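The structures considered in this document are given below.
Paired with chain B in one complex and with chain C in the other, chain A is shared by the two complexes that follow.
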Partner chain A sequence: MLVRLVLHHPYPQAFLQMCNLPIKVVCRSNAEYMSPSGKVPFIHVGNQVVSELGPIVQFVKAKGHSLSDGLDEVQKAEMKAYMELVNNMLLTAELYLQWCDEATVREITYARYGSPYPWPLNHVLAYQKQWEIKRKMKAIGWGSKTLDQVLEDVDQCCQALSQRLGTQPYFFNKQPTELDALVFGHLYTILTTTDELSEKVKNYSNLLAFCRRIEQHYFEDHARGGISVRLS
Partner chain B sequence: MAAPLELSCWGGGWGLPSVHSDSLVVLAYAKFSGAPLKVNVIDNTWRGSRGDVPILTTEDSTVSQPAKILNFLRKQKYNADYYLSAKQGADTLAYIALLEEKLLPAVLHTFWVESDNYFTVTKPWFASQIPFPLNLILPGRMSKGALNRILLTKGAPPLYHLQEVEAQIYRDAKECLNLLSKRLGTSQFFFGDTPSTLDAYVFGFLAPLYKVHFPKVQLQEHLKQLSNLCHFCDDILSSYFRLNLTDG
Partner chain C sequence: MGTVHARSLEPLPVGGPDFGALGEEAEFVEVEPESKQEILENKDFPLDRHICTGIMWQRRKSRERLLSPLTDLAPPTVQQFSMPTHSCLVGQAGYNSWFFFNSFPCLCTLRLGHQTGLGGSSHRAQAERWGLPAWTQVIALQELLASPGAAGRPQRLCLCQWPAYLGTCGLWASPTASMSAEPQGTFLCLRQHLTGATLPRPLSQVMRKSHEAREKLLRLGIFRQVDVLIDTCQGDDALPNGLDVTFEVTELRRLTGSYNTMVGNNEGSMVLGLKLPNLLGRAEKVTFQFSYGTKETSYGLSFFKPQPGNFNRNFSVNLYKVTGQFPWSSLRETDRGLSAEYSFPIWKTSHTVKWEGVWRELGCLSRTASFAVRKESGHSLKSSLSHAMVIDSRNSSILPRKGALLKINQELAGYTGGDVSFLKEDFELQLNKQLALDSVISASLWGGMLVPMGEKPSSIADRFYLGGPTSVRGFSMHSIGPQSEGDYLGGEAYWAGGLHLYTPLPFRPGQGGFGELFRTHFFLNAGNLCNLNYGEGPKAHIRKLAECIRWSYGAGIVLRLGNIARLELNYCIPMGVQGGDRICDGVQFGAGIRFL
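And now, the complex of A and B:
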């Protein structure tokens, strides 16, 4: 099946390529509105549209492709726990940096988020999104965190990931799983966009090697096979 | 270690030293790590108006939120994770994240949002612990905070309505309980023979769900089927909280 992938994030692309599925990546500014659930990323397969990471994984699994079949029950539990850790710490930290750190918001985020729209819509939408994110941060107790505390949390998370990975090629040894795709997606985003967060990640050499390995193996090798977007 | 450590937290009932998850996590950790805490149960003399309990008070500082309190205790050399390997430490963080993302919303819902439970059990209990007029305000505020947290983290299109969010969070919670049960297996604690931070967190989240008598009990019923998790809670209660008093 040819999968059209509309995204803001490299995780699902990594996951789909790990499953050896031929994909075409499309970046759209109105992706959030095209999606049936209002969330990116989503995939377009034939005449079906599936949005968000969890359901995408389930959908791909139902079509006969899964990465975690070889794991036993305890390992699956561990994998799910680590995926939550990544969502809890890294994703929240990324959102914090994008939307709650005044310097980044002013210089980068507002412009990027509002750019497809004319004035004053660009300001209104960006401001609304920022307000939404700040509310959520407050509800989960991140509202009063300083940038330093957020960076410390990221460091703790990276340390945990680094310890769990150790010297193995992937988190569950020889074969990549959803966790590897998720970690790659987040670390890649961090390394290519933000300064402070990427400094923290760079302290862990096995995580850097892990990202490079996945990028080389799955993205550069597949570039010949008709993927229309290259991550460089 | 010379300075007295005082913990303000919510009191107990139904055989528990505290019915409040966060408070219970700290109490359990203190028992596991041997930290000498003077426990001040919130009662009619309490003058704090903010809901961020438990609070640890030392001579020169106050610390709130379980994660920060546990960090503080560890720095004071009360470390229940001393014997854990680096990988086990990493696993601890991951499982705590799992608990907070997948189990906590449903626990909050069971206590604070589900109307039968909230109005017949939770609200009267909490209101009875604090002085007037705080007892008219604080429970409502805690309930709103819980609902807010659930909706902001779990409710997004197309799950705008609470009923759809409810179905999802209970599904997630049941799956989380199953995963915990599989991970625990037949061991007494999650990492070997001595309890650690993860055991404190799991105990803190599960014990109130297990013991408090609610009218609407779907998650409790599910938990009771996972006998190893129930034994886990009962063992900790009988080994570490036998007196069930505020004796630190």
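And now, the complex of A and C:
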């Protein structure tokens, strides 16, 4: 089955390539609006459109591919816990940095978010999105955090991941699982886009090596229109 | 002395084909003629020098300020009154401004006829005591009681005359000393442009001109009622063989509001409307409508300004947000826009030039929307210039009996900003002819083409749609043409034609009354909608539009709703159905304003 993938983050791409499924990546500026739930990433398979990683994993499992079959119950629970940690911590930190840190917002985010649209729509949509994200931050209690606190939290999260990974090639056994795909996706984005967060991540050499390994193994080997920016 | 009342039965003509010319819709109600009147009707009134008609009203906040706007108009020197003989019967060419602001009916008297002398010294002294500027020439002074609405306060009305180059008469309303300082009287300035020759005119022509003046006043949409009284000149300085033409007007209220609740389609909403029919005194109209619903919110604010003296030239600015749901395409569209348009007539045609800027947000209506529609979701900005030309000689816009309509519309988007770029043309033609036995045969033709400029393909919100009870009957709403998984995507070119025969109901029930609103109708509709490959020549385009024609025929009943809308109940037999079209054969109900 050929999957068309529309994404902002590369973790579903990593996941699907780990499952050895052929995919085609399409980048569109209105990806958010195309998605049935309003969130990226989403995949378009035949007649169906599935969005967000959880449902994507379920969908792929229903089709008969799964990466976590070899795990027992305890490990599956642990994997879920770590995935929640990554989602809550890393994803929110990325959003915070993109939209709530004034310097980044002014220099990078407004221009990038509004670039597909003409004036004055670029300003209007960027302000609207920022207002929405700030409201969400306030709702989950991050509204009052400063940048340093956020960086602290990211550091702690990376520490936990680093400890779990240890010297193993992947998080569980020798085979990659959904957690590996998710962690890779987030860390990759952090390392290639932001400065402050990437400094924190670079402190953990095994995480760096992990990202490098997955990139080499799945992206350069498959060489399918993938992202091949060198990690430094 | 006899008086003739000229009163039309139609309350508020809006404009266009329903603004009937004299003789078609209006009727004169003649009062029982008295002996003197017969003499008047056949007599001609010499008009070599005449006074223009003018009633000057101006809003004022206090007695003191009453003078200043007037003095602004002319320097305080008295000029010799002399009207050129070629000027209009009533009014002066070129002065076309009126101001209205009022809350009580007023009486104004105009004089026609030969003028022998201007107001005597007694009038002058009186006027000075009242505070009239020195350069006015007083013709008559009258004390009137105000209407019941103004709580019985007496008003003084003074008919005066401005210097020649202003060419108007003024009507000065001043409160008596006993009134408080709050805004009381209003001073209305009406400089009316009524065309006419300077030849002596029989009474019937005066009546006709007065009627036309009345229609013009009503068309502004700021008066609730306008009555015209024509009488012989009365009073001390009555002009020999002169006529007094009196316009009695009642204005609409300055601010009207409405509040409704609407329930329908799983949604309830509250609608609030506000209207100011005469904002600044020159018939500017501001309307605001706001609808707050459980699912969507929409609003519209519009400002309309006619050119004083020429209602057909007008300018309007609109600000709006509307949301629409289109289940045939599984599409939801929210438009927030600003538009400015200017309309003007050229000979018999009416043109409108418009700029519009719209922020469009498209979304899917359900999770099962097809991917082709999903791809169109998102935001876009359209900034376009458009021009429309309308020639309408029908006698009515709903169920016309004769006449023709031609509308041509073109729109160019993308060159004034925005990210949507196209050229869109469409036209509408309708011909009507009355046959024997009160039947009417009507033929109509619609067509349009959308050419995207640049590399981006056209957006689903700009394309044309075909089908439904208001276009090709027998097919479901907008369900003809290119589609993807059941969602209709519209097309870039289309044409549609219809041939109708309208007859009165069989056996004519309710003739002369309710039955006149119904018509039976037999129709034949045809049309096609497709996407053209613009690289090929026009022959290929015509060939593509001529293949796979969908058509239908049938009969039904049409009900006319006022002058705006019509309801139809038809039995349709669709033919030429292509794969993918959705039909509605059998009974189909339709309601709308614009029908093929």
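Quick notes
Definition applied: the second predicted complex is superposed on the first by the 223 of 232 C-alpha atoms of A that agree within 3 Å, B and C clash if a C-alpha of one lies under 4 Å from a C-alpha of the other, contacts with A are read in each partner's own complex, and residues count from 1 in each chain.
As a working rule, a residue touches a chain if its C-beta (ideal position, glycine included) is under 8 Å from a C-beta of that chain, and two chains touch if they have at least 3 such contacts.
Keep in mind it's a predicted model, so treat the numbers as computed, not measured.
Contact with chain B, but none with chain C, is seen for A:Met89 once the two complexes are overlaid on the shared chain.
In the superposition on chain A, contact of A:Leu125 is made with chain C only, not with chain B. Touch criterion not met for A:Arg106: it reaches neither chain B nor chain C.
By the touch criterion defined above, A:Arg212 reaches neither chain B nor chain C. Of the two partner chains, chain C is the only one that A:Tyr117 touches; chain B does not reach it. Of the two partners chain B and chain C, more chain A residues are in touch with B.
Of the two partner chains, neither chain B nor chain C is touched by A:Lys202.
Comparing which residues of chain A touch chain B with which touch chain C, the overlap comprises 36. Within the complex formed with chain C, the residues of chain A that make contact are 28-30, 32-34, 36, 44, 47, 49, 117-121, 124-125.
Chain B makes touch with chain A in their complex at residues 65, 86-87, 89-91, 93-95, 97-98, 100-102, 145, 148-149, 152-153, 156-158, 179-180, 182-183, 185.
Chain C meets chain A in the complex at residues 359, 362-364, 367, 371, 374-375, 377-381, 417-419, 485.
Interface of chain A with chain B (complex): residues 36-39, 73-74, 76-78, 80-82, 84-85, 87-89, 135-136, 139-141, 156-157, 159-161, 163-164, 166.
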